[in-house]
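Which chain is which? They are A, B, C and D, in the order written, and residues in each are numbered from 1.
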C-alpha cells in the first residue's frame, strides 16, 4: 500500500456510476443491487474505501476485473478498505467494476454501502461508455434471490441475493449496455406476496431509493425525488409474481389503517374480477408513471420466470394502456418458466434460469435495436 | 417376406391412429404431418403397404422403432411396400410408429398417402395408450418447415418439412401424450403471409382435412365435417406469424372476387387499427369455434418462435374472449424466438429452436396437469 | 422424370468418390459405411440408379443435400431408382452426398450396393475438393453400431449401424476433410470379441474390402489388393475394444483348425502376460503394415469410447514401435468413455458420445495441422 | 456477535480437515489450494478466526454453505475474523466448508493461512464423512491457474488461482470423496516449464508441504516428512505439461550449481532421446515413490488438458513401471485438451475445460469403483 494516493470518490471524473444515484456523491451511496462504480485504471494496485452499516441484513459486495468476477464477500458494519487488485502490470489498463450484491433493503434502516475513496498507484483512464442504457424494475427475481445458495436453503437472508448471477446483469453485459436496477423481494405492482398493499414498487419508483428508509438513508438522499433527466433506452419491468402469490395467501391487516387486505379467488380457483382488476389498474397506472418520466424509453413488461398465471391480466392492462394512450412503444413478453432442475435457493431461479431469461431478453433487444452481435 | 400374413388396415383393432381421421379407414388416409399409425407387435418382420399420389409436392414419411427414428424417405406416386423392420427377435414386442412428414397440402390435389395393410409374421399386442391428448394448430412452424435442410436453402419444397423434428411432436413425446396436428405453411388466423384472406386456418378447421382438395381427397372424406366426439385435453394454437407478415407484403388480389386485400402499417410502422382489428377478431372468433367443438379442452395460444410482433394483438383478443365469454380455460404464452444460430432451412426454426419451444410447452403442461416427470 | 438424362457412373468425371474403391467403377461398389459419392449439380431433379443384394443384412443408405441429412432408408435386393431431390431451383448448385450406412459385411456374401448411374436435368459442376484426407479404421464403434436405435434395443441388425451419426464422419466434416472408413463390428487388432482370431482387421486391410467375400464381391474387386497410391494425411485407428472383450469371453474353437483360442486373465483379473503380448504384437505389426502403405500419414491410435482397459497395452506397443523404428509420426490418445446417458442402442456409443469423440479428434487435428477454424 | 463462544481449532473433534496437514493443529495451517476445514453445525451464526501473512502472493480463500459457493476474497497480512454465515435458522444443521484458493507458494516465504478458532452460537454435529479419498498431484492446472480471470489476462498473480473452479474439486464432489491436492504452477515431474530442474514435484512430495519454505513455514511443520499413515483410495497425477514446455524454452542456469539445463528437440522437432528419457525416468521414479507411500492406492496418471505431446513418453514410463514392478494398479488416461472457447485466463483451462476433465475422471472412478450415481 506504499505509494498509493487516495482520491475521493467525488473528485473522480473518469468514472462510470452504475445504478440510480441522487445528489449525494461524496460519499457515494450504493442503494440497489447492481449499484456500483466502474473505472479503467493503470497501476499495479487498487483499493476501495467503504463505509457500511446494517443490522440484520448485512450488505454483500462483488467485484470484477476486466469483466471476470474476482471476489464476493459480506461487509459487516464499519469502515473497510478492500484491495481490488495488486501486483498487476502497472502499464496495462484494467477495467474494474465494484458493486453491491444485496438489494435495496426496506426492512433494515441501518443498511447502507458508501464509497468514500479509491486508492491507487496508477491513473484513471476514460471510463467505459455504453451506447445503450437499460433499467430493470422487479421483485425478488431481479434482486437475484436464490441465485446463490443450495437448492434446499429456504431462509431469507442477505447472502442468497446478487447482481452477479442475475438475468438483468447478464442481459446488460451481452448487449454492452449500462444498467440500473430497482427491485425488492416480495413486492408487486399492486401488492406484496402477503397482500400487504404498501409493498408495491410504483410507490417508491419516483424517489431515488424509496426502499431505503430511516434518517441515515434520508440524509443520503434516498427519499429525494429521483431526477429522471438521464434517459434510458429501455425499461424492463418484471413484476406480477408476488401479485399472483397474494391470491394464495391469508389476508393482511394493514398496521397503519387496521384494514384487512386480501386478493381472492372464486370457487373455481379463478381470480375474482374486482381483485384482479386492482392488479390490472396498477399495471396501467405504473405504465403511465413510467412513460411520464421516460418519454422515449421502450417499455417491456416481461413475466413468467416463476409461473405464467398473471400473463392474461398483465397483457390486458398493457393492451388497455396502449389503446387508451396510443402509446405503442410498450410491449410484453413471457420469460421462460424456471424448470425443475433450474432452481437456485428457496425455489427461486438459479443460474441456468437467469441465463435462459437473459438469452430471451438479449435476443429481444438485438432485434429491436437491429444490432448484430451474438451472445 | 415368406411367411408373412397381410392384415388390412381396417381390420386391425389393436392400433393407435395418430392425427385426425374421417370415416374412411380402409384404406387409411394420412392427411397431416404427424398423421400415422402406431402398433405394438411381436415377430421378426413387419411391412406396410401404401398407396401414394402427388404432383409437385411428393409426400415424405418417417418411421420409428421403439421411439427411435429409423428411416425417412420420399414416396413418389404409386404403390409401395416398405419393410419397417426385419430379423428382430420374434418374441420381443416392438413399438412401431409410421407417419407422414409432409404437411397437408393445399396446392397439390393429387397429394395423398393411404395405408392399405400391414404384413407381419407376429401378432398385434395392445396398442400404446396415452393418458393425454394434444391438438396443435399452426402454420409452417408446426409443419416443421425448415426443420430439415441446410440453413441457406430457400426453396419451398416438400422435403424440408417434418413431424420428426418438430416442437409439437417433441412436446407430445415428453408428455407421453397423443398428438393431432392441423397446420399449413403460409397460413394465418386471419390471412396468409401474402394478404390472401382465403388462407386462414379457421376456414378449414371444421372439416376433416379442409386443406386437401380435389375429387380424390373428397372421396377420402377430407372435406367432410370433422366429428369432434373424441375430446382432446389441450389445444395449442401457434398462429399469428403469417398475419404479421401480411403487414409487410404487397396487396393480394383475390382471384375469386377481384378485391385487393392488404394489411397496412401507419407512417410510424405501427399496425393500422382497423387492420389489426381484423386479426384480433379472427383470434376471438377462432377461440369461439375451438371452444364450441372442444368444450373441456384447455386452449393455449402460443406465439413467438419467429418474432414477437403479434403478442399484443393476440393477447388483446384472448383477453376479450375470456372476458366476454367468462371462459377462463384459455391462456397465452410466448414461445422463445429463434435465435441466429438456431435457424433451420429458409429462416425457419431449426432443431434447437424446436427443442427450446418443446421445453417451454412441456413445462407448461406439467405444471397445468401437475405431473411430475422430468424431460 | 421427363427430361432427365441418364449418365453412367463410370462416365462422370466431376465426382468425388468417398471410401475405398478398387478397379471396378462401372457399376461403382460402395463397400464400407461412409462409402459413397459426392457431386455438385445444377438442375431441378436428381436420381440415382442402384442395384443391391443381401440376405439377412440388408444395406441401408442415406443422403444429404448441401450437407444436411435428408433421407435414410433400407434397400432390399433389387434395382432401385431413388430420387435424391426434385423441384429445386434449376440454376442453383446443389451439393449432394449419397452413401452407405451399413458397414462392410463379413457375414452375408450377397450383401452389396452398386451405383449404376445418375439421372438429372442439370449439369455436373466441379466436385467438392478436400485439402485433407482421413482414414478411420475400427470396429463396431466406427461402424456406428447403435448410433440409431432405442437404448434398450439389443438385437444385432443392419438398421442400427450408420455413417450418418458417426464420430468419424463428424470429425471429417468439421475438418472439411475427405474420409475413408474400414471397420467391422466385433473385430479387433488381434482377435474378435469372442476370441475368434480370424476376426482381426489387419488381415483385411491390404485388400480393397477383404470383409466382403463370395463370388459376387470377388468380381467387384473386393478381394483385390488395395492400391495405396492415393495417400491420406492421417490414419485414425480405433481398435482394441474387442481385444479387451475377448479376455472376458469363453474360448473360441477355430472351425478351420479345431484349435481353441482364449485370452486369459490371471486370478487377480489382470491380463495374462503372454496373452496381452499377442495384442501388443498385433498393434506393433499393424503399425508397420500401415506405415508400409502410408509412408507420410500421421497415424493416431485412439481408444476409450467403450472403456479404457486396453490403454496400457496399446500405448506400450505404440511406444515400442516408435522406439524400434524411429518413426515418431505415430501417436496415441484416449477418446472419452461413453457415459451412462450417452449410450445408443445395445450399449454402444450414442449420438452424444460420437459428438464428444469428434470434438476431441477435431481439436487434435486442428492443432496438428495448425488450422484455425472453430467447430 | 454477542452470545458466540470461541472454540479453538485444535479442540474441535467433530471437524473434517481437507488437504494435507502435519503435526501442527493449533493453529491449523492451510498449505495447499483446497486445504481447509469442513464442519456441520447448528446455530444462527458462525465465524472463523484466521491469521495470514504474505508478501507478493496474498492468499485468497473461499467458503461454501451446504455445498454452494458463497464468498471468495483476498486476505492481506494480519488477523481476520470472517463471518461465514449469520441469521440462519438456529436449529438447522449447516454444512460449511472453508478453504484456501491459492496454491502452496514456493516464491513467497511469508505466505501462510492459519486457522485459529471458530466462533458460533450453535453446536458441532458430526462432520461429513467420505467413503473415498482422492489425492491430486499437479501443476498450474491443478492449482486452478486461470480458472478465474478474463481470457486475455496474462499476469501471474494470486487471484487467478482457485480450488473452487477446479477439476479436482469437481471430481471429488461428484464422487462424494475427500480430497487432497499437491500442486505447483510451472513445475513438472522432471523439471519446470523453464528447464529449472529444481522445480519437480517429486522433490517436495514426501514433505508435508515442501513448497512452503522459510522459518515461519518450517515452524508450522511444512518441511517435516509427511506421515502417510492415512491412506487414499486413488492418486491422480496430472504432470507433464511443464516438462513439455521446457523443450521449447531457453536453457536455465541453475543458480546453485551454475550448470545450464536445457531439454532439447532434434532438427525435426522431436524430443532428443536422452532428454526425454529424463522425463520418463522421473515418471518411473515418481511412481515408485508414490507406491512406496501409498501401497493400496490406485494411481492414475492423467494428462492432456493443455496438449497431448507428452502422452507417449508418459505412457512409456508407466508401462515400464508396470512391467518391471509387476504393479498393475497404475494406469494412464488422457484428459481432453482445452479447446479454443474453453480457455480461462492466460491460456489456462477455464471453467468449461475443468468441467470436461471432471466428467472424464468422475466416469473413470465410477467404473473403477463400480458406483452407480450419475453426475
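Everything below uses one rule, namely that contacts are C-beta pairs under 8 Å (C-beta built on N, C-alpha and C of every residue); 3 or more make two chains touch, one makes a residue touch a chain.
As the structure is a prediction and not an experimental result, all values here were calculated from the model.
Count how many hops through touching chains it takes, at the least, to reach subunit D starting from subunit B.
2
Looking at CA centres, what chain is most distant from subunit C?
It is A whose centre lies farthest from that of subunit C.
Measuring from the mean C-alpha position of subunit C to the mean C-alpha position of subunit D, what distance in angstrom results?
42
Can you work out the whole-Å distance between the CA centroids of subunit A and subunit D?
38
Taking each chain's centre as its mean C-alpha position, how far apart are subunit A and subunit C in Å?
56
Which subunit A residues touch at least two other chains?
Not one residue of subunit A touches more than one other chain, so the list is empty.
Which positions of subunit C touch subunit B when the two form their complex?
Against subunit B, the touching part of subunit C is residues 56, 58, 60, 65-74, 76, 83, 85-89, 92, 148-150, 152-153, 155, 157-159, 345.
So in the complex, which bits of subunit B are touching subunit A?
268, 270, 304, 307-308, 311-312, 315-316, 318-319, 322-323, 328, 331-334, 336-337, 339-341, 359-360, 363-364, 367, 374-375
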